[in-house]
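Chain nomenclature is as follows: A, B, C and D, assigned in order of appearance, with residue numbering initiated at 1 for each chain independently.
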Amino acid sequence: MTRVAIIGAAGYTALELIKILLRHPEVEITAVADQHENRPPIAMIHPSLARRLDLCAEKLTPAEIAARAECVFCCVPHGVSATLVPPLLDAGVRVIDFSADYRLDDATSYEQWYGHKHPDPERLGRTVYGLPELFRSEIPSARLVANPGCFPTSAILPLVPLIKADLIEPQGIIVDSKTGVSGAGRTPKLTTHYPECNESISAYNVGRHRHMPEIDQIIRRATGVSVEVIFTPHLVPMDRGILSTIYAVPKRSDLTEEQLLQTLRDFYQEEPFVRVVDHLPGTKDSLGTNFCDITARIVRGRVLLISCLDNLIKGASGAAVQNFNLMYGYPETTAL
Amino acid sequence: MTRVAIIGAAGYTALELIKILLRHPEVEITAVADQHENRPPIAMIHPSLARRLDLCAEKLTPAEIAARAECVFCCVPHGVSATLVPPLLDAGVRVIDFSADYRLDDATSYEQWYGHKHPDPERLGRTVYGLPELFRSEIPSARLVANPGCFPTSAILPLVPLIKADLIEPQGIIVDSKTGVSGAGRTPKLTTHYPECNESISAYNVGRHRHMPEIDQIIRRATGVSVEVIFTPHLVPMDRGILSTIYAVPKRSDLTEEQLLQTLRDFYQEEPFVRVVDHLPGTKDSLGTNFCDITARIVRGRVLLISCLDNLIKGASGAAVQNFNLMYGYPETTAL
Amino acid sequence: MTRVAIIGAAGYTALELIKILLRHPEVEITAVADQHENRPPIAMIHPSLARRLDLCAEKLTPAEIAARAECVFCCVPHGVSATLVPPLLDAGVRVIDFSADYRLDDATSYEQWYGHKHPDPERLGRTVYGLPELFRSEIPSARLVANPGCFPTSAILPLVPLIKADLIEPQGIIVDSKTGVSGAGRTPKLTTHYPECNESISAYNVGRHRHMPEIDQIIRRATGVSVEVIFTPHLVPMDRGILSTIYAVPKRSDLTEEQLLQTLRDFYQEEPFVRVVDHLPGTKDSLGTNFCDITARIVRGRVLLISCLDNLIKGASGAAVQNFNLMYGYPETTAL
Amino acid sequence: MTRVAIIGAAGYTALELIKILLRHPEVEITAVADQHENRPPIAMIHPSLARRLDLCAEKLTPAEIAARAECVFCCVPHGVSATLVPPLLDAGVRVIDFSADYRLDDATSYEQWYGHKHPDPERLGRTVYGLPELFRSEIPSARLVANPGCFPTSAILPLVPLIKADLIEPQGIIVDSKTGVSGAGRTPKLTTHYPECNESISAYNVGRHRHMPEIDQIIRRATGVSVEVIFTPHLVPMDRGILSTIYAVPKRSDLTEEQLLQTLRDFYQEEPFVRVVDHLPGTKDSLGTNFCDITARIVRGRVLLISCLDNLIKGASGAAVQNFNLMYGYPETTAL
């Protein structure tokens, strides 16, 4: 049994995380920390948790958290995370960080993309990136795990096996991604106001989304090959789900769909949460699950990859629990 | 040709109003007023108006508005409206007010339901309620018209003919209404944040929605009969549309569906925007139109009425243009 | 460990049932039966089951099913069910029937509402209605359980405690229900074609929905009091969820909201899946769970009840597993 | 005043066409033809047309249609259209054909992509493609106009000015398109059944969608340059709207966004229905209008174009009326 705490209670990833952890036979949630002054019951913040989790959201110091929990899931925004994580680690807890603060290679690229100096630059580039399919061996001993971004997972998983097998050109890879609205978080904004984004699709942050360098750097970490993907996210009127359509140039003109699919199948054959499928997957197939579905096609000589996942599960909270299971020696699929 | 101004540019009713007025052959929109300091082009506020209306949103005094327009559509919230309308009227323009400020009978009930003193109490109870189907004769000469609420229109239109014909009991009428999210306005709030209200239906403001007294008072004005409806609004995951399901006790046990339908058909046979239909209407049938669709059933001895309309058209901006046409002597259906 | 079979593989209730049973530590799914000739893998019918259930949908006789399973979940339409259930029971398996075939009191009312003679009339009125909150004691020994309808569960659970406590009049109860589209099943029809029902709400089967007599008869079974509810279902543009808004006349004019809520809380205080809440619940609060959320209000002297549940879980497959757990002596909440 | 007939009444393009034509001051709809035996009122097929169009859907011969109308809008599927159009032309009416039957260059490519021999091969390659922005001069005198496909319009309009200006490479152009569900037509299918496609996005017909050769051939007709686009359509949970995200390689490495935008602005500066915008457009901006919104970006040295339109208006019925206006000498924007 492991006692865990959650920091940042009000968001969708925290809610989804709690739902998964409530199914986990070896987890006790002992604290839910956030900035509310008046200790509201968690069910007031998330009505769906009524009768399921009887805790209040509290302001807690790192020491107080460490007194209650061995492991902390940190669900706060980037920038904030890097100020909370160091004292938590110092207090002796292990941390799974949902923010982007510990994913990039160095403080320079962090500052370039995130617009402020990194508060804890030493850990950049040395923190485990919590994508077990690529970095499983590093996770069990990690004291801090950077939980992957939702878009990066959907791009990295299909691309890495093909780059490693030297089947596609690393230049000019296009990642055209579509996401449900929960990816934008729970803070009301005009762009995610129902009558604005319902019945509409639009691209956003074109050329400057922060998941673009994350995709580049993690692919290089996993393959040793430098890439510069062209990444375009789109907002789709649905709650959850990411579909990425990826275009790449094959290295050999006689490459076949079957070779692509077999390369993917071979790479992921032992993986419990990657399904290489023959059909064209929809995001609903993996909704509410920790699966990432992948398929491949060749269209007019171009490699086309499609991946689907639930941005709140495999793209966030499910991946976090997968990392947790590896860190604490539980079967990797527990509660997932 | 009539020059018109719109006050309160950023909301959905203003947007829909502009779209209708752009189709109106006898209207020139000369000003769009709101509180923006920096005079943004209206197409920055509503991208759908690009290339369609080349005006900026400006802060304007009543005198400035009166210098440019004969008629003002006032699309600001209740409370604000009653402070803008008097100086506009004094400046010589006619006003169609979208807010609830001039709909109720008296300042006492206004204060009871809206929670503050009415800034212009003398006009309460003396202002024309702009529902042409019931009060058409009063509209042409009105200098101020109170444009009806969306829910009230959907409740009053089916009920009034049956109450006037003495077919249903005035006591215990239940109005169970369902509305799309645009009815909540354009200001982002948690309840209308996409991932909160999508894929969910909920009741809100049960027993205390401000359209409840409006329904009561207007039915009494139209029929002379006092009613106290039990009104329950629900938020439905769709952009637009109101469906009201209304339950009433018949006065005679041998009342038939055909008598109900015929009474409604007779009452509205000359009306261009009320469709008494035999089938069960959906809100999509009247989407984007100024129609109100009505049907009637008898279920286990109870009268059941169903009405559908587009909350932004017949429930707001379409009704406003219908009133405008009557006020200025244009054919009532122009642009609608 | 109990071996179970599912008949009727292609529908949404079967899919949801399989997902729940896959989480059940004491269940082995040994057969999925339906009318497909070519034994398709279940993952071809439901892509979301890829890598989760490695079975094919087969045509199986009752004897073949009985050879593989002790318990059968029968997810076929009414009319069909009553021809499959008798031979299954004869073959020695226990059956949880999702159809309406064994819910009503007698063959006469069945024929009146369902339009054909009942193929197995003797079991009508003698079959356990699988709503554990009201009939728990009858379920453990039952060989056949009639799984409740989704709308009836949403109406019966809030009404029974108040009728038993003699707080509301049994006459004139109105049940205004709103359901997501999955309740209409998986067979494509124009009314459930995406561009028809999206962005629209409509009432359907007004005065003749077959859940109306089911609500009446089960309330009478549970309370001894005869009721005739006026039931109006509406189709809402969302996948899942039912919200019922219920109106009733109180027996005493001094009845308070707190008395209503306390009566409900007392009645359900030991129930794991009924949440009596103070706030107005939305269907999303119980989405994906076996909960039914209930609250109560008094509006202008009328009792107003609101209940929410997931039509595919508490309204179908979750209730079935709850019944299964009771039948086989597992903790009632297992896998739920 | 021009008398027009519509063939193929039941679909969404016909419905939208009728709504536009009802606003057209110079059009009288004299017949609505389809295969119904029993002459249903058009309002039974489309309830939204109640009180708006008082015609029945009739089986009519070409001669009967020609006796009533000068111009026919043919809204039937490909394959059928090419059997109806020749006798209509022979009977003396002019035809605007919504199907794909007269869009391609030759019968060989038609057979390759549509899987059957073309019934009227001589007109292929000689029929005007009704995209006024590129082929306006050919339309006024045409007796048959092939109305463009919805996806092709969204791809051709942004690409042609840049190819003509020699700014982008014709090879390797990627068109990643996203469409609302109405594009799939009104016939119920599992893929467009609400609970299947709601809350999900998926790619379909990858590498074999019939709009792919249409895009190629029309771009060549308009520019003289051969292209082979890689076209991937996706189904998005919304009623209407197409957004195409287009990726191309610039011919010069110093090409700027402003040069791209200016080239587009120059090309379309006189066009009433193309809006070159600076912001990232969403499909909702052009919903219900005949606009196509276009913008351009450069991302990591790659040209990125985004276009949005309403698939039922600029992608079908609006374009048809635009063509009609040109054919009959009415102002091109009438009713649009």
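Here, a residue touches a chain if its C-beta (ideal position, glycine included) is under 8 Å from a C-beta of that chain, and two chains touch if they have at least 3 such contacts.
All values derive from a computational prediction rather than experimental measurement.
When every chain is reduced to the mean of its CA atoms, the largest separation from chain D belongs to C. More C-beta pairs in contact connect the chains of C-D than those of the other pair, out of A-C and C-D.
Centroids built from CA atoms put chain D at 46 Å from chain C. Centre to centre, using the average C-alpha position, chain A and chain C are separated by 36 Å.
Shown for chain D are the residues that touch two or more other chains, namely 180, 196-199, 237-240, 281-282, 284-285, 287.
In the complex of the two chains, the chain D residues touching chain B come out as 23, 47-48, 50-51, 199, 275, 277, 279, 281-282, 284-289, 291, 293.
Against chain A, in their complex, chain B makes its touches with residues 12, 180-182, 186, 188-190, 192-199, 237-240. By the touch rule above, chain B contacts chain C in their complex via residues 172, 174, 176, 178, 180, 196-204, 206-207, 228, 230, 232, 234, 236-241, 243, 245, 247, 249, 280-285, 287, 297-300, 302, 304, 306, 308.
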